[in-house]
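What follows is a pair of complexes built around chain A, which joins chain B in one and chain C in the other.
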Partner chain A sequence: MRYTEFTPFDIVLLAQGLGVSVGLFLATTVIGLLIGTLWAVVRFYRVPVLAQVITFVAELLKNSPVLVQLFLVFFGFPAFFHINLGPVEAAVITLSGNTAAFVYVIAVSAIESIGRDQIEAARAFGLTKWQVLRHIIAPQAMAFAIGPLTGLLVNQLQVTSLISVIGVMDLTKIGNILNLRTLKPFIVWAVVGVLYYLAAKLIAFAGATLERRLRAHTAWKGL
Partner chain B sequence: MIKAQSVRKVFGSVTVLDGVDLTVAPGEVVSILGSSGSGKSTLIRCINGLERLDGGSITVDDFDVSKPRELAEARKRSGTVFQMFNLYPHMTALQNVTLAPVEVLKRPKAEAEAEGRALLASVGLADRADAFPSQLSGGQRQRVGICRALAMKPRYLLLDEVTSALDPEMTADVLDILAKLAKEGTTMVFVTHEIEFARTISSRVVFLEKGRLVVDLPTEQFFAADGGLANPRIAQFLSKMRKD
Partner chain C sequence: MRIDLSLLVPYLPFMLEGALLTAQVCVLALLGSLIVGALMAVARTSANSLLRRAASIYADLFRNVPFIVQLFFFYYGLPEIGIYIDAFTTGVVALSIAGGAFTSDVIRSGILAIEPGIIEAAQVSGLSKRKTFTKIVLPVALRTSVRPMGSVFINLILTSSILSTITLNELTGTAKIVASDTFKPFEVYVVLLIAYATLTYLVSLLIAALHRRLNRDLGEAVR
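Our next item is the complex of A and B:
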């Protein structure tokens, strides 16, 4: 006979699932931020060919479903490159790439949002392109980008649920297992939903706090 | 010495500078007059390397601004003050002033800050050193802009219509500071619409018209009836400017 009651151990399972989801989210966020920002810097320096290649790759990643990308990586890498990937590795590669593509777009528009006049002033005083990027553009671009980035990351947290289809034991996968065992979908999915919600709120809160700090220089406090 | 020889600058089909020759020796205050679109600001932007030349050459103390390596040296010798201030909005007044000395001249931060505070105090902004540009009035912003240029201890100060965005009262504040600098022997290239002020502080006046340097005369002669005023275009320009 099947055991359909909830047990205290289920809480441990859910916590583990949440840990896997958040862990994957954090890892892919860090990698995605690094790669996306690096791409934007390459574009800033107008590196020939490389800049065009990056724009093309980012377009591909942005405009196709993450699930399709996940399948391509998970099944494609072993088939075409003879690299055996576990589900976690495939998830890290796919989600990092996807996050990087969107970070790239946000970073590029953030860099372009900085007024030319200040950049010209800094150049006229002899600052190098790198010094301008570091001291003039980066701090302001960060203040500009933090809002869209927070939105992106809240979304990317939800997107991690897709990786359950290739067998990663994330929160959604645990939810699925609990659901099949207990046959109480409304309780299981409500709890899973609340956990995602709380994690997302935490990201939004962190983003808002950071934004307040980065925008300390603007006198504008809103209407 | 700033030396511009047959400088040409073209934007699309418009020739903005058409064979301009100008020499500025240390200690001189040279005013550049001319109506809007005559190429005054572009000339300044060519001297500090913000625009590439399409012909001719500009050297600052023998450093050719069209060569990237030499441009860096040339830029250390000239400080620009901009019409729209062009301050860094995310930095305080003091940080605006100390950024270039610390990053470009590699001055120790504490030293640059002490000098920056002294400079700000000298233009009456001692208590505004830690304010952001958005918290300052236009006149205060431009005074910060002047300090930012002076902090580099430039041999040449390039001033691009620095009072055009200010009301008369603030203009007076800024002009007082410039007059003081002129008296101290600061070399200045001064693009302006403030005719009377140009007359009082400059040693030479040049007049640009449609990208050509029409007249280059000592100030006295420029404003004399048989000097610059003999040129009908200049007489017309001056009478128009004085009416406003």
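Our next item is the complex of A and C:
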């Protein structure tokens, strides 16, 4: 028996796929933000060798296709390091690393956006380097970085669609399955596209709201 | 756990063929997205509000839907309505349309950055609307947007790796074949990663040089 028609269960399937996509997106965003920020802090402290290595790795990750990185982790790592790696683990490693590389660049430019005079003034008041980072740089850098970060995250959501190629059951993979079963590519891919579009708009909206909050202290309040 | 790259030497000519195909796709898609992007930028800055709205919906849609979904939409969808084109043409068309959305943004901001005084001077000199646009506005806008266009082009190169999912054997596609032939996925994909990174780095150097050359008479402001 062949189910060539759409069934109500397909909606559940699509919702599951969307859940997997969004879940992996959120997880890799959190990990990527942590690692990327950590890298930026290492650079801020000018740790020798490590800082240069991080810059090089970030450049490599930024300037190569995510698909190739995905293949390297999913096919290459198990063969070379003799470890077991499922598609989901490989996807989490790759996407986190990729997000971290872009977050690193944004974080570095956010830190550099704060004037030297502020840092010097804080140091003159006797704050330690960590206190300067925590109380002077971090709050301002956050407000500076949120705009580019929103753009990055909208992009990273779309990048998650590539993990369907290594067999993760995300929204794109579900679209593939439905397409093969019903042979109605226009409807299937349009629905999948709309779901991604709405998710992207949600991220952009959340980013804009957060930015307004973080920039509230610089807003014009009237006399 | 030793990297032995000599194994890959016999496969180099095969992978070069793939690289050549990637280059062809990218150059054609660059031209395509330039044409689409310029037309859409004109529509987005036109006085006609309907045209303006339609063009911004296009740009918004194709920037917020994953490229792989767009690609599947075209690849599986077009035969449905009786258009049979091969993977190469589908890839170039899809890349041009997606790239056009980003290019239209770049050219649009190039157009909006032109000082109103220049346009007024052209009008006073008796140039028609059409002449003003093709002789004054577009050349200046294109010239100043070389650098942002370069990052769109680099993105295009990285995105072209996704075409391997629709059976087009470009650089990533050939690497996939070599990896399964030699059982050395790690070595193959590491080489591929570095190859892409080097390629995009060289392209970015080239673009910076082109930008400097085209804008040499604009002084320090654009450097």
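In the analysis below, the second predicted complex is superposed on the first by the 217 of 223 C-alpha atoms of A that agree within 3 Å, B and C clash if a C-alpha of one lies under 4 Å from a C-alpha of the other, contacts with A are read in each partner's own complex, and residues count from 1 in each chain.
The rule is short, and it goes like this: a contact is a pair of C-beta atoms (placed from the backbone, for glycine too) under 8 Å apart; a residue touches a chain by one contact, two chains touch by 3 or more.
Because the structure is predicted, anything quoted here is derived from the model rather than measured.
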item: Partner chain(s) touched by A:Pro139 [first = chain B, second = chain C, both, neither]; value: first
item: First (chain B), second (chain C), both or neither touched by A:Gln131; value: first
item: First, second, both or neither for A:Phe77, with chain B first and chain C second; value: second
item: Which superposed partner A:Ala122 touches (first chain B, second chain C, both, neither); value: first
item: Chain B versus chain C as contact partner of A:Leu162, first or second or both or neither; value: second
item: Partner, of chain C and chain B, that touches more residues belonging to chain A; value: C
item: First (chain B), second (chain C), both or neither touched by A:Ser96; value: neither
item: On chain A, positions contacted by chain B and by chain C; value: none
item: In the complex with chain A, residue positions of chain B that touch it; value: 48-50, 72, 75-76, 78-80, 82, 84, 86-91, 99-100, 103-104, 132, 134-135, 148-149, 152
item: Residue ranges of chain C touching chain A (in the complex, touch as defined); value: 1, 61, 64-70, 72-73, 76-77, 80-81, 154, 158-159, 161-162, 164-165, 172, 175-176, 179, 183-190, 192-194, 196-197, 200-201
item: Partner chain B, residues of chain A touching it in the complex; value: 117-118, 120-128, 131, 135-136, 139-140, 143, 217-220
item: Sites on chain A touched by chain C in the complex; value: 59-60, 63-69, 71-72, 75-77, 79-81, 154, 157-162, 164-165, 172, 175-176, 179, 184-186, 189-190, 192-193, 196-197, 200-201
